Structure formats: C-alpha cells, structure tokens
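Next come the structures, one after another.
Here subunit A shows up in two complexes: once beside subunit B, once beside subunit C.
Then we have the complex of A and B:
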C-alpha cells in the first residue's frame, strides 16, 4: 500500500509537465470563478470558488489519476504483475489513493494560498470541524474512486467514456463553486436529492459551513455521519466489485489487455 | 520432481459469433530446476497456458497445479511461489528509476528492505545492469528495460518463473546474456524456468526439454536432441526468386513432408525449406522449379533442427501456420 503511494507521488513529481497541469488547472479554474463572482459584485462568495478549486484538485485526481491509471496499468501489462503477486488489489488501490492525496496536496495548497492572498477572502473557520469534514470527504471521494476503478477492470476503455460523461455533471451537481443543496441552491428538490448522493456534494456543503460560517462538529454532525457511511459503503462496494470482477475476468479471460 | 503439472487442461474462449479452442487436453509435467520450453507459432496457445499456470485465467476443464497447489482454487498459495515476465510488457513506471521500480515490485511480495538490497545487488550484477540501475526507466534502452523486467521476475526468489517471449525484439548480445542468466538460475538456484517462445534457436540452446504446441495441443515433449533424433528429418534449402505465392510445387511431390519459406525482402529472395521423407527425393526437388517461373539462386542440404521437427509433425512451418490462423 505504502509502496504504491510512493510510486504515485514520485511519478507526479518526476514529470514537470504533469506537475504543471496538476498545479495550474484547479488554480486557473478557481481564479476564473472567483473573478466572475467579484465582477458581478458578489465578492463575499469568492471564498466558495477558492474552496471549490481546492476540492477540484482532489476530485480530478480521483477521476483521472486514479481510476484511469488503473486502466493504463492494465493496458501496459503492469496490472497482470499485480494480479500474479500475492498483494491484494484493494491494498494497491488504497495505496494509489494515499499517493493521490499526497500528490494533490501541493496544488490544493497553492490554490488556497494564492486564492486567499489575491482575493483577501475572509474566513471564519471551526478548525476541528474543517479538518474532520475534509478527511471524511477525501475518504468517501477516494472510496468512490475505487469503485470507479472496478469499472475499468470490467469495461476497460469503455469506462473512459463513462468517466468523461460523469465528470462535468458531477462538477455541476456537487456544487464545487456554489451551494447545490440546502439554502441558496438553484436546483429543485429532486435534483438536490440526486446531488446529495454524491459524496463531494455533502463534503462541499459541510466544508462551506465549517470554513465560512464557523459551524462546529455539532452543527455538521449529520453531514459527517453521512460522509462516514458513504466512505464505508463505497469502500465495501469497491472491494466486493473488485473481487467479483477479478473472478469474472479470470473466467472470461478479460483481465489482461496488452497493447503489442 | 514435478513442480508444474497439468492434466487434461483445456480452455475455450466464447464470443457471440464463435468459440475458439485455445487449449485442448494438455498433459504436462515440468520438473524442478528445469528450463522447460513451450514452442509453437503465434496463436498456438502458449500465452493461454502461461496465463492459466500463473493464475490469471481459469481453465474451462482439466486441472493444473504449481508446487502441488491448484491454480484454480488455491491461487493465493500459488502466487507467492511464482513470477512472470513477458517481452511485450512495459518494464514499470517511466519516471522512477529501475531500482525504485524493483523496490516497488518487491513490496508486492512483502520483501524486507535489507533482503531487497541484497537481491537487487545480486540481480544487477548477474544481468549487468550496473550504472543503469539508478537511471529513470524512460532513459533506458529496450535491452536494459528488458534486463530490468527479468530482474523484476526474480525479485521474490520464485520457485517457478513463467517467461513469455522474454528475448523478443532484443539485440543478439542482450538476448544471449538473458539466456545465460536463465540457465544459471535454473542450475544454481533450482528454479524452474517455463519458457514460451517461437524462437527455435533459443529453445534449442537453453531448454532441457521442449513441448511443441500447435492449435492448443501438445504434439510432443522431449529433449531437443531426442526431438531431432526421433522426429527430425533432412531438409533441403533453396534460395529462389521471385518469392513464390505457394509452395505446392514442392509439397505435391510424393515423399515431401512439408515446406516453409521465409522472405529476404532486401534481396527479393525467398528461402524455401523442404522437409523430406528420405534423401532420394533431392533430385526431384531440384527439378521442380524448372517447370515454373522460379529461379534457384542457391541450394544446400541442412541437418535437422527443431523447425524440421515442427514441419515434419504439422506439415507446415511457423510462418504458414500463423498465416492460416490469421485467415
């Protein structure tokens, strides 16, 4: 687990182009949103955009660098080395998640520092609540990444289309830059309900409350419990799906795809 | 002592349109410390057999064991004892050094750091990785990448190593170094090397025993010498131009066991190898092109090799078999 995390971090920092993309995409996206809020006289909401940029870095990591890298490993023949070894696939994926979190921290920190310095955004945080919400949001996000990875195991490149298809709708529904559920949401109840099934939505909502409105653990306890349940359920489903798909792949001969 | 055993092993692949029989009734016993060759043309079933034995694929029927453990029902007991390498795989992660990659792969087997250091020093020495061990993978040539892949396959001190075309596309020197390494590992460490290849010279050079596989069936399994002695027949080789579309002018001669040809594109010449039942047919073989547009540039008699064994058994060479499978 630790070694796969190490590979993830070393690979990210070993390639300057990747590092530049990792750092610039969330930063530029959040700055654009913050400038938009500022230009229409909603400066007090620029903090939402900065927070969205921070979480976008992690979400992008789940979608692209974790789930799709699993497929890359499969196509390059590295995945079969994992399978032939005694190491459980779940441990490798958890390692990829940890590595992804560590590799994303610099870009998230950059967004935070530049965003808050540039826009002088005022925050009113309840730190215990912020830290707990952040950790549980990441746990549920990366558990979702594990579940998405199992789709790659089953469908290979076809899952990439699904990845592309769900990326932007989730960005919209999860309210990266604006409240998509509860007070201030522009969506009707049905859409809010669907949005609340996404861990990122619950996490963003709870983070906004904790970072900007000093909501303590007592105030966001329901969000925290929801995130914890989501993390456990997604982790369980991911583990079961991976095992089931590995067995199916062994039966059908779909585990190994090599580009010769 | 047999460490890899298969019994009536079969594997079919089913699609919506058809069913492909990849392996059929495969019975094999591979001994501890043996370099065992599985020789056959592309599409013969070599990779399928390796995938079953290395727990990546389940058989449709039959049984296979490695070190006494069933590859189907006890993969978790088989995996710590084996490793595999392929000539087609990517060696590892590009932006990490060869040593870093080896360390990562060693962690999949839970190898402690001090043991890893000893093993990587030994493997680096044996495979002459030398100064390249600390270079990032993208900076390594194909030959050094493959040396690293081979080192990776031995990092967990496996009892059986499955190798699928490990020297494909390598220069002569690197291929020879890897072959020497494989033989030494079998002799010194009593490891079993299970080598799937379509390289007949390689098989002849390093394998203790060879199983010839064609269309999912094992045709024979003996030592290279005994294969040549028992199934090898003399061959007559002709360099002809223009390259013939068909070898029927030779194969239609009674007593010809089969023929195979390879193309020298630069010279526009085909080298046709005709496997004979007996030496008396040579005159008829030499006379055959006279009635066609083929011009014979040179010809000579050749002692039997494994290629003649295959042609004798199947009636065609690897090239013709692969073209048949492609069609």
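Then we have the complex of A and C:
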C-alpha cells in the first residue's frame, strides 16, 4: 500500500508540471461557474463554484487516475506484475487512492486560493464538521474509484470514452456547483434520489452546509453516516468485482492483452 | 486536385477515429452526453441562483443554453491538433503524413473539418435536449426563436467560424509538434479559457479589464453573438455585425496560425523532434 502511494506521490511531486496539468479543468470550470453567478448579480454563491472546483480536482483524479488506471497498467504490462506480486490487489488500490489524494491536494488548494483571491469568497465554517465531511467524502469517492477501476479492467479503449461520457453527467447530478438535492434543487424527487446514490452528491451537500452555513456535526450527521456506509459498501463491492474480473481474465487469458 | 484530396483523406481519417471506434450511433450518443450535461449544469446554476434571488428570466436562460451548447463545438477544436499530431507522433502516423508531398497543413485542416462535422450534431442535440430539459426540470421555457431562418443563420455562422477554428488548430498543432509529454495540458487550458473568454456563459463585460479585451478579440465570441442574435434576439443588425467580425477575426487567426505552424514545422525538422518519443 505504502509503495503504491509513494510511487504516485513521487511521480507528481517530482514533476511539478503535473500540478499545472491537474489544475486546468477544476480551476477554469470553477472560475467560469463563479463568473456565471457573478454575471447575474449572485456573487454570494461564487463560493459554491469554488468549492465545486476543489472537489472536481479530486473527482477528476478518481476518474482519470483511479478508474482508468488498471486499464492503462494492463496496456503497459504493469498489471501482470501486480498480479504475480504477493501484495493484495486491494492494498494496491488503497495505496493508489492515498497517493492520489496527496497528489491532488496541491491543485485543490490552489483552486481554493485562486478562487478566494479572485472573488473574496466569504465562508462561515464549522471546522470539525468540514474536516470530517471532507475525509468521509474522499473515502467514499475513492472507494467508488476502486469499484470503477475493477469494472474498467473489463474494457479496452472504451474506458477513456466512458470516462469522457460519465464525468460531466456526474458533475451535474452531484451538484458540484449548485445544490442538486434538498432545498434549492432544480431536480424532481426521482432524479434527486438517483443523484443521492453518488457519494459526491452527499459529500457536496454536507460540505456546502458545513463550509457556508456553519452546520456542525450534529446537523450533518445523517450525511456523514451515509458517506461512511457508502465507503464501506463500495470498498466491499470493488474488492468483489476485482476478484471476479481477475478470475474471469485468468480464464479468458485477457489480463495481459495490451491493445485490442 | 492534390490539396482537396489530401484534406478529404485527413477529414475521413478524423471521422473514422472519432466516430467509428464503436457503433456510430453509440459514438454520437457518448459524444453528446457530456456537452449536454455541461449545458444543463450551466442552466441549473443560473436557475438555482436567480430563482433564489427572484431575478429569473427566460431570455437569460436562453442566452446560457445557446452559448453553452455552441461551446461544445468551440471547445472540441482545442483537442483536434493534439489528437492529430501529438497522438500521431506516438503512433508513427504523423511522420508518414509529414513526408507526403502535401505535408501536414491539409492534414490539420482535414482533421478540423472532421471535428466540425462530428461536433455540429452534438451542438444541435445538446441544444434540443437542454431546451426540453429546461421545461421539464426548471418549468421554464428558454425564449428561443426557432425557425428555418434562425437555424440557417446559425448554420452559416458555424461554417463561417471554420477559419478561426483552423487558425486555433494550427497554433495548437505547432505546440503539439514539439511537445512529447503532457500533450493534453495546453488543449485543456485553451478549452477552459474559451469557456470564460468566448461569452459562452456570460458577457465579456463581466470580466475585469483588460481580460474583457481578450474576449472582444476572439472570433469565437462573435460566433456566440451571431448565434444568439439569430436564436434569441432576432436581430439582423447584430447578426451581420458579428458575422463581419467573425470573418475578419477568423482570417487573421487562420493567417497567423498557418505562419506559426509552418515556422514550427521548419524548426522541428531542424531540431529533429518530429519523431521524438518518450518511453
């Protein structure tokens, strides 16, 4: 676990250009949405857009550096090395997650700093609640990344197109820049229910309450419990899916196929 | 005949890469999902904020829906040269193109044309879906003037924006010739910056000076204005003025783009980086 995390951290911090690469989408998207709020005289909501940009950095990392990773590793011949090593695959995935979180922190922090400098966003946080929500959101989000990485292993080049296709709809449903569930949501109940199955939706809702409305742990406890349950369930499902697909790959001899 | 044939061959290749990796209908669906979600996200942001403040207007919603839909077309151009050249260097395709008698200028043009062809339906579909989804989700009708005339006006504006797209393609193509790592970094920035500077979501006047001047200088800004003049404001005067600036800006972009690209090709040849790889 430590080894895989270290590789990810070292590869990012050893190559500062990665910071610029990781920063582009979350920074520019959140600036665009913040300016959209500002353009209609709603500057008090620009903080929602900046918070969305911060979490988009992590969601992007989950999508592109977790979900797709095993597929790329398979193409480059690294995945077979994981399989023959004595380390459990789940530990490698957890290490990849921890490394990914550490590697994404600088770009997420920069989004926050630049957003604050541009828009002087005012916040009213309850820090214990913010920290707890943030940690649990990342835990459930990266657990979802582990599940996706298992599923993407079954795909070839389609994985990249799938990533491109699901990224934006999840940004929409999870309410990265506006509340997509509960009060203020533009969606009908059915869509809100579907959106609630995505950890990012629950996390964003709880983070908005904690960061901007000083909601303490007592106010967001249900969101926190939901996130914790989601993290455990997704981790379990990811482990099961990976084992099943690994076994299928062994039988069909597709684990070392590089380009189909 | 050599030049049109080379452009057509490159366009066909680009179309094949983008659309035929799976069933074309599925490919079009997958390409449409993300831009449509982007349009709805922008519309939802506006709906949420303006409803809370009691300042919602259907015209402003239409402004955002039209701009965000067209952004799918504009943003797509930023990625074409990277796919054509940087990716082509990895697959040894670009080197083959480079040694052909017509060189790579028609190749980039063809790939941009393919991007135009495959992203134009995406604009239409995302605009249509966003229009009906706005009614269903927000209970609001974006005030669009949809008629044969307004649709033709938008189609003409899209075609007239091609020189600007080609110009952008050549400049980014010049970058792609030299880059061997982080190929997708600059296109990501360009695509994101176009969302901010091309009036996709809000008027250029929202941007602080001198950033607002950048938006005024971009031909894509005038594409947005022309499309809105046709679909929202029904104003021939604004449409024709925007088209004028779009043509002039596009030609300047194209000329500069070709100059930069030719210079980059010569320089890359001298430095021996045309087939450089990082393993």
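Going forward, the second predicted complex is superposed on the first by the 252 of 260 C-alpha atoms of A that agree within 3 Å, B and C clash if a C-alpha of one lies under 4 Å from a C-alpha of the other, contacts with A are read in each partner's own complex, and residues count from 1 in each chain.
Methods note: contacts are C-beta pairs under 8 Å (C-beta built on N, C-alpha and C of every residue); 3 or more make two chains touch, one makes a residue touch a chain.
All values reported here derive from a predicted model rather than from experimental measurement.
Enquirer: Using the superposition on subunit A, tell me whether subunit B and subunit C clash or fit.
Expert: fit
Enquirer: Name the contact category of A:2: first (subunit B only), second (subunit C only), both, or neither.
Expert: A:2: touches subunit B, not subunit C.
Enquirer: Go through the superposed model and pick first if A:130 touches only subunit B, second if only subunit C, both, or neither.
Expert: A:130 contacts neither subunit B nor subunit C.
Enquirer: So, A:45: does it touch subunit B (first), subunit C (second), both, or neither?
Expert: Touch partner of A:45: subunit C, not subunit B.
Enquirer: How many degrees apart are subunit B and subunit C as seen from subunit A, counting from C-alpha centres and rounding to the nearest 10?
Expert: About 90 degrees between subunit B and subunit C, seen from subunit A.
Enquirer: If you count the residues of subunit A that each partner touches, which comes out higher, subunit B or subunit C?
Expert: Looking at subunit A, the partner in contact with more of its residues is C.
Enquirer: Examine A:32 and indicate which partner it touches, taking first as subunit B and second as subunit C; both and neither are also allowed.
Expert: second
Enquirer: Please indicate which partner A:184 is in contact with in the superposed arrangement: first for subunit B, second for subunit C, both, or neither.
Expert: A:184 sits against subunit C, while subunit B stays out of touch.
Enquirer: Return first, second, both or neither, reflecting whether A:204 touches subunit B, subunit C, both chains, or no partner chain.
Expert: Touch partners of A:204: none, neither subunit B nor subunit C.
Enquirer: Identify the partner contact of A:82: answer first if only subunit B is touched, second if only subunit C is, both if each is, neither if none is.
Expert: first
Enquirer: Once you lay one complex on the other using chain A, what is the shortest C-alpha distance from subunit B to subunit C, in Å?
Expert: Distance of closest C-alpha approach: 5 Å.
Enquirer: Please give the residue numbers of subunit A that touch subunit B in the complex, ascending.
Expert: So the residues of subunit A in touch with subunit B come to 2-4, 6-7, 10-11, 14-15, 76-78, 80-87, 92, 250-251, 253, 255-256, 258, 260.
Enquirer: Can you list the residues on subunit C that touch subunit A in the complex?
Expert: Residue list for subunit C touching subunit A: 21-22, 27, 30, 33-35, 37-38, 40-42, 44-53, 55, 60, 64, 137-138, 181-182, 184-185, 188-189, 192-193, 195-196, 200-203, 206-207.
Enquirer: Under the touch definition given earlier, write down the residues of subunit A that touch subunit C in their complex.
Expert: Subunit A reaches subunit C through residues 17-18, 20-21, 24-25, 27-29, 31-33, 35-42, 45, 49, 157-158, 161-162, 164-169, 171-172, 176-180, 184-188, 191.
Enquirer: List the residues on subunit B that touch subunit A in their complex, please.
Expert: Counting only subunit B, the residues touching subunit A are 11, 13, 51, 54-58, 76, 79-80, 82-84, 86, 88-90, 92-96, 100, 103-105, 107-110, 136, 152, 156.
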